[in-house]
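Look for chain A in each of the two complexes below; its partner is chain B in the first and chain C in the second.
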Partner chain A sequence: MNALDVSALSVSYGANEVLRDVALDVRPSERVVLFGPSGSGKTVMLRAIAGLEPGAIGRIVLAGRDVSLEPPEARRLGMAFQNFALYPHMPARENIASPLRAQKLGAGAIEAKVRAVAELLKIDHVLDHFPRQLSNGQKQRTALARALVGEPKLILFDDPLRNVDAKLRYEMRIELPRLLARRETAAIYVTQDFREAMAIGDRVAVLIGGAIVQFAPADVVYDRPATLAIARLFGDPPMNLIPARGEAHGAGVRVHAAGLAFGFDAKPPEEPVFGIRPEAVTLSAGKAPGRVAAQVVAVTPMNERYLVLLRTDDGTELVASHDAPPPGADLWIGVEPGRGALFDAATGLGVASSSSAEEIAA
Partner chain B sequence: MSLDLASVSKVYGEGSRHPVHAVRTMDLAVGDGEIIALLGSSGCGKTSTLRMIAGFETVSSGAIHLAGRRIDDLPPAERRVAMAFEGYALYPPLTIAENIGFALRGDRSQAANAPAQVREIAELLEIGPILSRRPAGLSGGQQQRASLARALIRSADLHLLDEPMGQLEPQLRAVLRGRVKARIKERGYTAVLVTHDQGEANAMADRIAVMEAGELQQYGTPAELRDRPANLFVATFFGEPPMNTLPGIVTEGGYDALGADGAVALEIGLTVPHRLAAGRRVVLGLRPHRLHLGRGDYRGVIVSNQWLGDQAHVAIEAAGKMLIGIHPERLAERVGETVGFGFDSGDLHVFDAENGVALAHGGVA
Partner chain C sequence: MRNPVLKALRVIARIVIVLFFMFPIFWIVLMSFQTNAQILTLPPSLIFKPSLANYVTLITGHLQTSVGTLDVAFLQNLGNSLILSVGAVIVSLVLGVPAAYAFARFRFRLGEDMAFTLLSLKFAPALLVLLPLSLEFQMVGLDNTYIGLIWIYQLITLPLILWIVRGYFEDASPDIEYAYRVDGHSWLKGFLKIAIPLARPGIAAAGLLAFIFAWNNFIYALVLASGDKQPVTVGALAFVTASGIQYGQIAAAVVLSIIPTLAIALYAQRWLVEGLSLGAVKG
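Now for the complex of A and B:
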């Protein structure tokens, strides 16, 4: 039985349709990331699942139970929002226990549950501290404990690490999936950061303009983005997207971009765009078939990788990403076999993915 | 042109009972045509330093020279510094084109072909389509790019850029960073960037000055900060993900990493002996990119294995601690399985346990 099944969910504010006929399923213990630009409807979707959008139309089934008409408190979800906000006037213990107060539990049972989750999160020694006495990491763990304490089958996270410093964010990126797995808790996790999406999500649902445009395992979204918009958003640096020319060639299409040619098993798109990930752009000092001349415009290192901005003779700019500096200023560039993608700018859709690409010498 | 800060200090509330030392005796030399970054978290002193160079803040002691000219007692307008600043706003009644072109007004040699120059810099920064609009109603990223264009369009002895690309849309970031860097280098501008974002500093700067608590912690190339961090602060501040650290102790033949219980968890032998006294308490450091997975003398249990599209981030439990390793390909081992790991002793960093000062890089002092 799925932790969550959402079907035909729509939310409108007046004439403005914020969510349009959205469907989403979350399997038991699965982490689904809701990824999209700001204003795409991610938070509204979480609120609708939680029962906080009175105008929502659609069906929400939690662990087999249709809760579409139930009030928020009857849905028994865990929730954690941006910055993991805490009640400042309550010690950590009371903050963690707050979701249990509505349930008819004895003081002993509450204390036992709070202790267990605090031990799991290694904050059992600061339960009497007020939020102002906690470090940022402890605050975050306290808020997380509060989301976990009621043993919900599903927790909703609304971009909880957004304003957290880089070190903590990195720690939580590793720790959060472990904790959820140990508690066998499913989660929907909202973020705009594609690395966080890949690190945390088993599957990623990409929400753009109120509709889910792709719902697939994280690496599939990365390797085969379904639309141009996803290709622009999912990656840092994102996929290079190069306007191209295409002509029918046998049963497929031959596409010309940046002075190179590629074969795809697809009909010629109206406005072809060739996509290639920066790490799949190859750099070499020597000329060879399937390579084109390019100049290094600038090298801008990123962590321990070198991002290289290149310009080909026809003026095309593209970014390559490698773990060594480029072998000179005047280079020959190519692409790794099977890594190209083809889009149609007229429809915004992906037309053919890497698996069917066959590179042809320029 | 070259910039030189000699023993520059900034004290707020001097003479009061609680003076605040925002910047302490800072020495900093920037070569002609060099791009440097002042990097640190808020309150580290980087903004006070920037404001003293710009002339918005007096120098409490010390001297600032630009192009051989002492500038710390000159008004801002006479320092020949071009600026892009948060709060150094665009003029609301002017269009973006007029805002950018305004920077050329005093310069007769450039004024003649100003429209062409405005168009060129606007295209470089992808704001061509908004040139005729006014600042109100533009996104933060667009305003920031217009402000950057206004600074980069004119030549000056120094370009001072405060968080110049912090609000840049991620889709444009890599390309625009590359173009701006190329532009600065082509024109031979000398530039000081102020940022809290190490990604921006790493991408743009020839050298980075890391500041903390009003003091310059280290000034060096990104490679020097990565491979020879001066202290534990720089070692764990610079680099993403941060350096793995373990408490340790110096032995005759190398180092022992200590587990949480204080027992020896890893024995690290060295082929070349160090000159540190055995028994000394240290902190051992290893960058995640230098921790090899799948081979090596040590064993760890995988606690997390995340594929991020072009690299795997793997957390292992070893020596009673969690260590992070970056693997260039997918790692087949699953969570809970044991994996071999290791590192070249040349990649080991050793810090004094008391004051964090680096004692050795490559394990050998």
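Now for the complex of A and C:
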């Protein structure tokens, strides 16, 4: 039985349709990331699942129980808000205890559960502090503790790491999946940050313009984006997207881009665009088959890697992500076999992905 | 601010402003300890022998004039003012706070029109409504009753509370109430345990302002109340006597009638300065 099944969910504000016939399922203990640009309807979808969008139409089934018509207090799920949404007039202890008070547990049981979850999140020493006395990180953890303490089957996270500093964000990216796994809690996690989506999500649902465009394991979304829009959004630096020429070649298509040629098992697209991840662009000092000459335009260190902006002789610019500085100013570039993707700019859709690609020397 | 001349000018400006606003109060307090004759000397003198006669007159209720002894019901007037103002504010809070919440959180048909209509009641000149109102009150037997006056005082206090408190509800993030409901609490509990405590500084401020407005009201009470239901504002007319205006007693009455307002203001102050949602949501 799934932790959540959403079907035919639509939300409109007047004439403005924010969500259009959306479906989503979350398996038990699974972490699903809702990824999308701002204004794509991620938060609205989360609120609709929680029962906080009175205008939502559709079916929401939580652990086999149809809650479509239930008010938020009857849905029995946890939620962590982007702005923490702590109760400013209550100490951290009472903030965390709130879901247990609603369940009308005894004072002893409440104290034990609050203490256990506070220890787990390392905030047991600030339980008597009011929210204004807590650091941003402690506020964040208090909000997470409140979502976890009632042991819901599903927790909704609305971009909870948006407002915390980078160090805490890295910590929580590692910690959160462990916490959820230990409690066997399923989660929907809203974010605009693709690193967070990769770190936290078992599966990623990409929401663009109020519709889910791709719903697949995180590495599949990364390697085989279903549309050009996803290819542009998912990744930092994003996928290189190079306008290409294509011609029918046997049963498939041969695509020419940046002075290289690639074979794909697909019909020739109307306006072919060749996509390649920066880390799949290889650099070498010497000429070799399947390589094309390029000049280094700029080099930017990023984390442990180097981003190299290159220009080929035909004027194509592309970014390579390399684990060492480039070996010179004039290089020969190629692509790793099986990493190219083919899109059609006329429809915006992915046509074929790396699995069917076959690189051919120019 | 490094320029010493500018700094000195600022200090002087502050002193002038404080003197300007405090002088009338200071003068009234001085007058309340003087006899009518002392008050009316020209030029006025700051050196006089203070007397408590004015306060004694107010508290005993017997006004000695050149033509005889008059009864003044000042203490009863003070009591009436208290009953009317406190009653009006309580009724306005009970009605206005939930209404303010509804206007702040929900969009409903004619909502803005209703809120604006309530505000517009404050625009109408009181005299416009008073004549028909006094006739109607006589018909239904509400003239010269506390209930009737408190009802009419809603024209003063209700719009004030509604509009000020509405702003405070709008400023508080609805996410805090949403979080409380997702925790499993009903809407009503969220309103009582989250929304109201968060708007408390606004409710205190609006309540205080409404109290002062109600306390200072003159015209409604003048027309609709007589004798034993009169508040201090109307009761002060008794000091305009056949043998002249009793400036000393008026001053003492003013000083005494400021005291309840001042006490409430000092009491409400700690809620007025209490941070609204400091640290609750990201700043």
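As a convention for this text, the second predicted complex is superposed on the first by the 360 of 362 C-alpha atoms of A that agree within 3 Å, B and C clash if a C-alpha of one lies under 4 Å from a C-alpha of the other, contacts with A are read in each partner's own complex, and residues count from 1 in each chain.
Quick note on the criterion: contacts are C-beta pairs under 8 Å (C-beta built on N, C-alpha and C of every residue); 3 or more make two chains touch, one makes a residue touch a chain.
Worth saying up front: this structure is predicted, and the values here are computed from it rather than measured.
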Quiz item: Quick one: chain B and chain C on chain A, clash or fit?
Solution: fit
Quiz item: Roughly how many degrees, to the nearest 10, is the angle at chain A when you join its Cα centre to the Cα centres of chain B and chain C?
Solution: 80
Practice problem: For A:Gln295, decide between first (touching chain B), second (touching chain C), both and neither. | Solution: neither
Quiz item: Regarding the shared-chain residue A:Thr347, is it in contact with chain B (first), chain C (second), both, or neither?
Solution: neither
Exercise. Could you look at A:Lys167 and tell me whether it touches chain B, chain C, both or neither (first, second, both, neither)?
Key: first
Practice problem: Look at A:Pro237 in the shared chain and tell me whether it touches chain B only, chain C only, both, or neither; answer first, second, both or neither. | Solution: first
Quiz item: Counting only touches as set out at the top, which of chain B and chain C does A:Ala102 meet: first, second, both, neither?
Solution: second
Quiz item: Which holds for A:Leu52: it touches chain B only (first), chain C only (second), both, or neither?
Solution: second
Practice problem: For A:Ser135, select first, second, both or neither according to whether it touches chain B, chain C, the two together, or no partner. | Solution: neither
Practice problem: Superposed on chain A, how close does chain B come to chain C by Cα atoms? Whole Å, please. | Solution: 9
Quiz item: Where on chain A do the contacts with chain B and the contacts with chain C coincide?
Solution: none
Quiz prompt | Complex contacts: residues of chain B adjacent to chain A | solution = 41, 170-171, 173-175, 177-179, 181-182, 185, 199, 202-204, 222, 226, 236, 239-242, 287, 289, 303-304, 306-310, 313, 315, 322, 324, 326, 328
Exercise. Within their complex, state which residues of chain C touch chain A.
Key: 173, 175-176, 178-187, 194, 197-198, 275, 277-282
Practice problem: Name, in rising order, each residue of chain A that touches chain B in their complex. | Solution: 165-167, 170, 173-174, 177-178, 194-195, 198-199, 218-219, 222-223, 232-233, 235-238, 277-279, 297-304, 307-309, 317, 319, 321, 323
Quiz item: For chain A, which residues count as touching chain C in their complex?
Solution: 47, 50-52, 71-79, 81-89, 98-99, 101-103, 130-134, 136, 139, 146, 150, 163
